[in-house]
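Each of the next two complexes has subunit A plus one more chain, namely subunit B in the first and subunit C in the second.
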Partner chain A sequence: MMLIINGSTDDAGHEDPGHPERPERLAAALAGVEDLHLGDDLLAVAPYSATRSELVRVHESTYLDQLGAFCYEGGGDLDADTYATYDSWSLAQYAAGAGLAVIKEMRIRGDGVGFVAVRPPGHHALRDRAMGFCLLNNIAVTAAELTSVGERVLIIDWDVHHGNGTQAIFWEDPNVLYVSTHQWPLFPGSGAPFEVGGLNALGATVNLPLPPGATGDVLRQALDETAAPAIDAFKPTWVLVSAGFDAHRADPMADLALSSGDFAQMATFAASFAPAPGRIALFLEGGYDLAALRSSVGAALGALLGSDPANERPTSGGPGAEVVRSNRDAREIALRIAHDASQ
Partner chain B sequence: MRPINTIAVGFDGSPDSKVAVRWALTLARHYDAHVVVVHAVGLLGRFDSKNVTTELEESLIALCDECAIVHTRARLEVVDGDACSVMLRMADPPISADLLVVGTRGQGAHAGLLLGSTSLELAEHSPIPLVIVPSS
Partner chain C sequence: MTDAVSSRTNPDIGGEVTKLGAKPYPAELECDIVTVTGVKLHMRPIRPDDAQSLVNFHLLLSSGSIYRRYFAVHPELSPKEVEHLTTVDYADRFAYIIEDGEELVAVGRYDRIPKTTDAEVAFLVTDHYQHHGIGILLLWHLARAARPNGITHFVAETQADNRGMLGVFRDSGYPLTTSIEDEIVSLRFPIQSTEQSHAHFLRRTTLFEPAEPDDGESS
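And then the complex of A and B:
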């Protein structure tokens, strides 16, 4: 199977000395790809900058104007976490367009696995605001393109932080099923199990918060028991993954306890819902320990491509089994209440 | 107008946020209200090993003394999230604040002039009354 990747844009201009969201992250992710020794089975598509019409599907026009102007005036801090530089506006548009280029190639070929290896990341970016290191919501731009041509898109977000931006953008969209595993409590503070989607899309948001220390077995339990039935019922035609790797036990940003082997298993889980070859793409989100990022990218993509890098063993024995069950109950109650209220 | 029993005020330790806390504490004394002093912990808050909670608690005690309000009327809440979202959540249970108070700008918020500062975002989205306290 071929890996179709877009990540060749020089991203060095988006950098703030000392900030953990740094260019070395992308180099580590691409090293994880190199470790797979794909040879002719690796196709790098040309960089593509998302157009205004592609961006306004998920972002407010005013926000795009302000962000562009802010960058061209030299940039600075957008909030306590998020920075932008002179180059950030241009790079963010390439990051937002990268997924579009990848799925275009995949649709032509009808085959392959997509990997959108870009920064800045995207899943915290809201319609009208940058947030959590994210400027434009890269995965949302691609999902919106797919739904505009009638596709039904499953987004699995396994970044350790809840993808509040993606959830908010598709809150009322019944053609996008958003499934998130994340540590809770943790930034951004959203992602409770009773957040199940808006009135037009009840059940199309599935949040699976996990306690600090949770291991892969607990995460898989949450996916199997709560997410899988919802995904089966949704019947996606495309699978996009917000692939952050900061749930790895070595990552300094959070306290989940996953290994690269767990990411391989999650990738396999996600791929099991792709209805045909060439219908799954991974988007790089977080991941701040460079060695863990490299090994986890290799493990996840290796699982999808049938390659077998020397992964760490999947983890087990951490806390959270009870939390998974109570979260499932909370979700069911929230759905019942919402359904009754909508009658 | 509903009574003011609980006031939520944003606090990041910056001079502007101290002005806002002083204003909120003074108002609380007038209305016999409680004050929830809210500190939002962003992504970098986790990355930074420095624990700011103790520092903020000490500042809060000093501000209570300055405003002649008993310490038990004000408590610090450290909450994960960006400042705007965290303040908006204060209007919901279990805090159910009746009034939000913020300074004009906090740490790292100079970009708000262009992109909508926390105070401007709150003014647009807050479901309860909001007071923006000028720094001078």
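And then the complex of A and C:
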């Protein structure tokens, strides 16, 4: 199986000294790819900058203008967490376009696993606002391209933070099923189990919040018991993953307790819903411990490519089993109320 | 055992009226407190030389606690933020810290909203000391520090499901005015000592005051 990755883009211009979302992250993720020793089974597609028409599917035109102008005026802090530099606008457009280039190659080949290794990350970016280190919503740009040609897109977001931007963008879109596992309470504060999608897409949002300390077995339980039935019913034609690796136990940004072996299992879970070869791509989101990021990227991609890096053992025994059950109940009640209200 | 702490001084009794503006370090506001589990802690106004302690404190907080306080990821404090947070004028901007030995375990602060008699109040307590009632004690003492400086009301915002924080305000005895928008609860309340807030303070003092003699500041 071939790994199809976006071509190298010099991302060094998007940096704020001391900020955890830093260029070394991308180097660590790519080191995780190198650890797989793929040889000729690694294909780097040419860098591609998303066009205006591709971006306005998921972002407001005025926001794009404002962000571009902000960067060209020298950049600065967009909010308490999010920065932009002079180079960020250009780099963000390449980050948003990388997924488009990867799926284009995959569609031509009808095979392969995609890895969109970019920064800045994207899943917090809203239609009209940067947020949570994210400027443009990279995975949403690709999902919108796929739905524009009639595909049904499953997005699994296993970043430790809820992907509020992705959820909001596709809230009313019945052709995108958004599934998120994330720590709660935690930034950005959204992602409650009763958030199940808008009236045009009831059930097409699945939120699986988990308490601090939760281990891989609890996440798998949540995915198996709550997400899998919804995904089976949805019948996706493509699977995209918001692959943040900050749920790793070593990550300084949050308090879930996963290992690289857990990411391998979650990747296998995601791939099991791809209806054909060449229909799954991972998008780098968070992950701020460089060693954990490297090992977890290797583990997740290795699981999809049949490689077998020396992963940490999957974890178990953490809290949250009762939360999984109550989340499922809350989701069912919310769906019932929404259905009744829409009659 | 209830979730509360006790102070050796009564902040709701009020303080001396002083003129507005920057003040010297108010050492007279230092005091000891005792948690319901019997742990003795020290409370004092913040100083610029607390900068490193504040950085270390922030690094020890859980991701959830940071989110509850800042509504953001806010992974670390920048040098500019640290300077801002530790350099206060003890009038329009004031902060208390609580120490367990050398370790900073809680911070509470108020910042006057410019050209008003309102001030925004906020607390941050390490995970280990949450649900020990430290927040309510910080609130009372901040109110005591604020009143002589012409501040009449505190305002605060907290997430609607943050029951711990909402409980601090509810249990303070101050009459709350609340509103909710987008899952954020906004509170505003007068901070003058009321019969109810005084009674709440005395109840905790009776329950948890250490046996040793009072230092004379409380009534």
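In this section, the second predicted complex is superposed on the first by the 342 of 343 C-alpha atoms of A that agree within 3 Å, B and C clash if a C-alpha of one lies under 4 Å from a C-alpha of the other, contacts with A are read in each partner's own complex, and residues count from 1 in each chain.
The rule is short, and it goes like this: a residue touches a chain if its C-beta (ideal position, glycine included) is under 8 Å from a C-beta of that chain, and two chains touch if they have at least 3 such contacts.
Predicted model, so just to flag it, every value in this text is computed and none were measured.
Following the overlay on subunit A, a clash is recorded for the pair subunit B and subunit C.
The partner of subunit A that touches more of its residues, comparing subunit B with subunit C, is B. When the two complexes are overlaid on their common chain A, residue A:79 makes contact with subunit B and with subunit C alike. Once the two complexes are laid over each other on the shared chain, residue contacts for A:69 go to subunit B alone; subunit C is not touched. Contact with both subunit B and subunit C is seen for A:132 once the two complexes are overlaid on the shared chain. Once chain A of one complex is fitted onto chain A of the other, the partner contacts of A:212 are limited to subunit C, with no touch recorded for subunit B. When both complexes are overlaid on chain A, the residue A:275 reaches neither subunit B nor subunit C. In the superposed model, A:229 makes contact with neither subunit B nor subunit C. Superposing the two complexes on chain A places one of the subunit C stretches 45-53, 117-125 or 207-215 into subunit B: stretch 117-125. Looking at subunit A, you'll find residues 20, 79-81, 132-133, 161, 185-187, 189, 252-254, 288 touch subunit B in one structure and subunit C in the other. Partner subunit A is touched in their complex by these residues of subunit C: 62-64, 67-68, 70-76, 78, 159, 161-162, 183.
Note for the complex: subunit A touches subunit C at residues 18, 20, 79-81, 132-133, 161, 183-187, 189, 212, 252-255, 288.
Taken together, the subunit A residues at the contact with subunit B in this complex read 19-20, 63, 66-67, 69-70, 73, 76-81, 128-133, 161, 164, 185-190, 252-254, 288. Of all residues in subunit B, only 12, 40-47, 79-86, 89, 106-111, 114-116, 121 touch subunit A in the complex they form.
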